[in-house]
Amino acid sequence: MNKKKSYILTGGRVVDPFRGIDAVMDIGVMDGVIVEPESVVNPETIDVSGLIVAPGFIDMHVHLRQPGNHAAETIATGTMAAAAGGFSGIVPMPNTSPAADTPGAIEYIKRHTEREGKVKVYPCGCMTKNLEGKEMAGIGSLKAAGVVAVSDDGKCIQNHELMRHVAEYTASFGLPILDHCEDDCLKGEGVMHEGVWSVLLGMQGISSASEELMIARDIIMSRMSGCRIHIQHLSCQEGVSMIRHAREKGILISAEVTPHHISLTDECIKKFDTNYKMNPPLRSEYDRQALIQGLADGTITVIATDHAPHTATAKLVEFDYAPFGIVGLETAIPVCLSELYHTGVLSISSFVSKFTVGPAEILGFKNKSLAAGNPADITIIDLNREFTVDASKFYSKSRNTPYNGMTFKGKAVATVVDGKFVFSEL
Amino acid sequence: MPAKTQICDSGKVKNAISRIADAIISEFNSSKSKKFAFIGLHKQGVPLARRLIAEIEQKTGFCPELALLDISMYRDDVGIRSALPIIRETEIPFDISGQAVILVDDVLSTGRTIRAALDAITDYGRPPLIRLAVMVDRGNREFPILADYAGMKIIPGEGRKIVVEFEESDGHDGIFEVDWETSTKGD
Amino acid sequence: MEVTWTKKDLLSLYDLEREEIELILDTAEEFKKVSQRNVKKVPALRGKTVVNFFVEPSTRTRISFELAEQRLSADIINISANASSLQKGETLLDTVKNIEALQADLIVMRHSAPGAQNFIAQNVECGVLNAGDGAHSHPTQALLDLFTIREKKGRIKGLKTVIVGDILHSRVARSDIWGLLKLGAEVTVAGPATLVPKDFEKIGVRVCHNLKEALEGADVVNLLRIQHERQRSGFFPSTNEYARFFGLNRETVKYLKPDALVMHPGPINRDVELDSSIADGPQSVILEQVTNGLAVRMAVLFLVAGCLQK
């Protein structure tokens, strides 16, 4: 990787939704910080004409699997996959083994990120001890140790009274909650969306009602406690409606959507390929269109991958027994550009904001724009580069993607973290 | 060289059928039990068997019974052929164990079809006598099987095969030589 | 141009064209005759190795397949889940690859997870015959049902057919539905609302929760076995209530046409889904279904075996 200390990115189309900028201009970088191009000492020039220069993309929903499942992914390989996907920062979920529910666990993440991480890792702590949904974790101590949010992702607190306490307590420390909304009883043994296709295929379904019920619960808790609650991997039509309505009333609720939920549907399951199995499941075409509409009208402000690596061994089993989840860091931008930008649903500025302004707002990040003085975290995108997904070439350790062999238009061609090029195909 | 050339016209076919019938009548007239039945092998052995029955009835007044046999389940080349043979109807309306039977097929080639037919017949019973009648013996035998009655002997050219057509099934009587590729599958 | 069989697997009737289903039924007709003569065997699968891999246990279907394989002169190995290495934690794929390494030509497989056979078929060279996968598919059962109907009624197109029972959890129902629709029959599914999802209407099936309405003018009724586990999971209150509202008894049988066929995949819960008198009565073709099952399985084994050495 380039070890350039001072350089000017010339001729790029700078799209910075933090400052409402969309113009061709030069960006100067010196000692890891953005500076006015004129002030760069002994600069090298890097020609990025024809490319989009954006603030560094943040994926606020990633599973790094370390500690506990190093076969599937590690902090080193996961952050490299993030860099290759165009992300300069990620938020790893705390459902590791052991779970990230103590300051010591957060220290571990920070130490390994320091040594092996390719991009910035913003730790996330658990809401409850060991994600059991029974006792609150030491949220204050976790904040002190450096978490940017708390989550029980993978699980959902079923006891509403406990959730109320967690919301009130978390709010007092100024942290957001990232919630995986799921009612355990309604989910049951389901493996795919409950709908026409689960009926035709004879598979157990996960009803949208399972997600809708907990979204409603979270909206109420946010309203009561004033806690910012962010709904993870939104997948259903009714969920979009409820969140839109709650936001209109000024409740501090937000939502993210994954690239796979806006590009695939439950009909894919008829192939019985476990690379289409995740939770929440791929839902119907109506749900997919509702999610895209939600992105277009600003109800959904974040796109996050829920990058969930699994070894080939784990996934090469009967559909019912396969673990939920697919990788997503290295396919997110190509899939989303093809599905949202090239179709005209989102402008380039709106597209970029889903990966920058959206996450920053929820996580309370400042200084993420490309203004002079800010850390030089930059994502450079070629909107027209054809990209055929080849899972065997992923930087991630895992290969569980439904997109293998498919061609998309547009990808990240360079990722810069603190001025350093951590990935480049320029 | 054209794909399909005619070797014998309908006149020669009718004559051949007459000759076969005469040979059969002559053999069975001098045997102890004068009765026999025909087993036509799908698919072109069936119309030929019907023709022989009509010819024999016209000449002697005796109308032999007709059985239809499909030997797809007895082939030795399941999985090797390019297309799966369609199983046609097997219908044996008499007791095989008590009857001399004459197998009828249009062309005798390697002998494998007849071998399969012999296996099939013996699974249905134990006939006292089995004879084989064919329209054409084309002579590239792979098994030691001979026709007792053959209408004619024709050796086709390299890469060519013999096709027999009948009015009832194909609209005209005739014997043709065709390229292996253009011939219909399922011989 | 005559239709021919080109698939190394039989996984679901959803994958077949109408002509392919008819080819299987026509082929089965000839194999039925084999079972009626003195020598009930043909050498069609001689030298081929067939493995019956029943991860989900079965008696009736397995015996039917075994007998079919024997009548085709195949060599047979039987593996059941508890006697297999799956108990030791070996993955399904590894177990099947080991079977394949022993030069098995065909695997007849039953599994409780839907799509398990699809998954295996994509990952092995040998042929895979689905003997039932969870609630998804049971193609040979549907084929023998179609064969029985066609034999008795002379056709399938235009017939009014009804399937009664726990459709939601039934692989027989799903396979029957695909087969009947592809061959042009009208299909109605009937049973308690908790067990008969409305979504079937989206593929052209009539959904009914009233038995009289469902059976009126029907040519064929297929009764599914009601399982007691469903009662315990809260899908319906009691077998008594089920029998009262959805059982075929002397009262409800009157709604059918007099020459209608009464079918059941077996085993029967006598006097629950079906009165004994009707099960043993003149409209019942239940035992013939079993006989036809043998012929249909011979046909399917023959066709799939013919596609192996391409």
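Think of it as A, B and C in the order they're written, each chain with its own count starting at 1.
Simple rule for what comes next: contacts are C-beta pairs under 8 Å (C-beta built on N, C-alpha and C of every residue); 3 or more make two chains touch, one makes a residue touch a chain.
This structure is a prediction, so every number in the text was calculated from the model and none was measured.
With contact taken as defined at the outset, there is no chain that touches subunit B as well as subunit C. Closest to the protein's overall CA centre, chain by chain, comes C.
Centroids of subunit B and subunit C (each the mean of its C-alpha atoms) stand 40 Å apart.
One simple way to say how far apart two chains are is to compare their mean CA positions; for subunit A and subunit B this gives 74 Å. Work out the mean CA point of subunit A and of subunit C, and you get 45 Å between them. Shown for subunit C are the residues that touch two or more other chains, of which there are none. Counting only residues that touch two or more partner chains, subunit A has none. Residues 195-196, 199-203, 271-272, 274, 313, 316-321 of subunit A are the ones touching subunit C in the complex. By the touch criterion given at the top, residues 91-93, 111, 113-116, 118-119, 123, 134-137, 168-171, 174, 197, 199-200, 202-203 of subunit C touch subunit A in their complex.
Looking at the complex, you find that subunit C touches subunit B at residues 2, 4-5, 23, 26-27, 30-31, 33-34, 37-39, 41-45, 72, 302-303, 305-310.
Residue ranges of subunit B in contact with subunit C, taken from their complex: 70, 72-75, 78-81, 83-84, 86-90, 119-120, 123-125.
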